[in-house]
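Think of it as A, B, C and D in the order they're written, each chain with its own count starting at 1.
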């Protein structure tokens, strides 16, 4: 971890057909890495092209954001897929997005599994191995998003893969490091989030809801595109980082 | 055209989930180029992986077989998609398949649009241009399957793209070069088809249903995997080509 | 046509999963008939239940709004489906919605095909016959939305089916009766639309863009839920109708 | 339970678009109740119509066979759906099939959840309640397929719903009543299955793999359409039942 620079990431490209989700045009102005949906839980070929082109124009690094094959449930419902199925779904989705990064003449930076899929993989050795294998097969220099102490992280590190550790900066955390997920996302205090971000980068510490501090090393600050005031938050984070002489920079460009 | 060798191609990988279509295991033993479905009109990530691996093991060149986003209609129903939509669908599907050819460490050889989509593109300048642009953007050394005098062929040639001309060898043709499509595929006389294939390669001529001959230059003999006796036909074609000292060889390996 | 009352209808229930479209909660307060999407071009089982319940609570009559099986294209792309396929798709979609109207203990009032499907049916005798047959088979007392002089209307009338004639009140029309479709919906002048509605109901006349008048008899005033100021428009229409002593009432309740 | 008659049921209508599954034409000649897929895990509107018409012609009672929204996984992968989602999926699918039974002027007899969904519901009180509520809302005189001692059965009985108890006659069972599921279905000895069926109806007893007997009361003998010799089995069952003076009859016609 480097106290002089940090990546800021968000999920984008989650619109589908006639359905628009989020405010990617604004959000992409302030982040450094974009997780682009690949057509399973969200996204479609047209949305993927637009997202990749916009990210390129704004200098944002692009990563794949593969999900479960459940558009109806937005990839948020656990499904009993086998490691073999997961591997094939990941290869397919990374490949599909790579079509658009190839078309835009940019390099894909990373892979970040969507929602419940990330949790399924992190907690299951077979799935974590399948995830790492998929990336190694198709595009071994991709960076994998993962959290320390979880299967995804451990197996990726063992295989020599570069890992991007992240934390959702717009959530509150318990002392045990688990986030508090609200059923309906509420506005967060932008300045408070921003100050939390700066402290996290500089000191590797973050206050938890029980009044204590947790120590954590991270490579990327994740913001949620569907938060009601996400653009305000990410602007404030950029401002505070800048005041603290911390550079916002895509992790893969270190 | 070269009277000493010829490509033999077929559509494969058109199973989906629990549904099995065709007899790819047998068919792949006798063809030299495989058009692998990409998950829109047919195919799924698991089927794509299996098809690519089997093709590799049997020395068969792999191409993408993109289709319309209509699994229910098996991509056989004309849909009014725009050139921009087509381009995105092609980039997506080629990319997805390239995930699996990358994973298998083989090169993708060609692109062959599925069924009614091929016809839509061939007859519409805007769509043909979009198809050629998609390939050039994502993977410019791919060979495009097309027929002379049609938009796809003309625009691909103008852009310097390599083209594979093919004819469905198991169909009967009218004097004007159009095939006779039966509602329900019937068995064809395997030896007759095989002799037609040899004559086509050696002389560039094929008998038509009205008793005459048509002249045609082709690079690949297409057989339909869903014909009732396709394996028998393709075996007979291989035998007769061999007797005629014509080598069956993937077009891209010339 | 009856100068003392009129139906006001709109398409609703076009959200899907995590994707929200339109402002049904507001719109349903002002219309008298709701066309509820049935899960093909838009809508899903959860959205259908909510739409039916909300319509019931607000006293709005419910109709089926079947579409093409093309969620990606929102049912707005012509597809070459056969009359047999259409008939089955209509029976399926009406049946599915009837599940929810049965659950809510209300009667389904009508059927109104979505977007390009309505146009395909109106202009094709075979499809129009299939549409009418589907309704007769499954629920013969449903009212079919159609326009005079088109196949749907003529065949429905011949078969003794009740027909609801409508006009999109928030569009401008040419002298030949065809509407001017904007690529991107613009705000309409709410009061102007409302005055147009009153004149239409009272006199059966509507101004066209070339400065003349067209004569037209209608049973329902359709407003587009995706217009930027649709709620303002439909409020104004209700106000002006009320001032003109015209009752807004679901057509099937006449 | 009645030792003089028994229902014989099977899942049918699981083809989709261009994909054919099973041999419904033959199977329907020998069963008395058909579980027709409803378009979620399998089946499509055209397949549903054909299945219902064929069942009617052969005097077979029709039931809904709703599944999880996972065509790719054929509804065989557990998905974390909520009771509310389940209820809506069931209402939708029953409604859709009822479109076709209404069109065919026959009564729908029963509901039998597909594969892993049946197991999910049977073991979860909230889902079982949602299933029963869905049926009560939309079509309360339907018979629900369930197994004694499971939530589905208990809640259905408490609510006064008629229940059809069944056993898969072509499987082997352990002493605890659980079936032995083979990864790949093997042929079963048709005569042995048939004799097992007769004993089950007459004596309420069935041999288990550990050499003992289990006592069980059932209303329907289920055969699996995807077993390699299912037609042979069901023919043998019919023959042996007939020899034993047991009438094969749809349960709902008792």
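One rule holds in what follows: a contact is a pair of C-beta atoms (placed from the backbone, for glycine too) under 8 Å apart; a residue touches a chain by one contact, two chains touch by 3 or more.
Note that this is a predicted model, so its numbers are computed, not measured.
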| item | value |
| --- | --- |
| Chains touching both chain C and chain D, listed by label | A, B |
| Rotational angle, Cα trace of chain B fitted to chain C, multiple of 5° | 180 |
| Comparison of B-D and A-B (more C-beta pairs in contact) | A-B |
| Rounded Å distance between chain B and chain C, as computed from the means of their C-alpha atoms | 44 |
| Whole-Å gap separating chain B and chain D, where each centre is the average of the chain's CA atoms | 42 |
| For chain A, residues contacting two or more additional chains | 44, 72-73 |
| List of chain C residues in touch with chain B within their complex | 69-70, 72-73, 77-81, 116 |
| Touching residues (chain side chain D, partner chain B) in the complex | 16-19, 21, 42, 44, 71-74, 76 |
| Residues of chain B touching chain A in the complex | 39, 44-46, 48-49, 84-85, 88-89, 91-100, 102-103, 134, 137-139 |
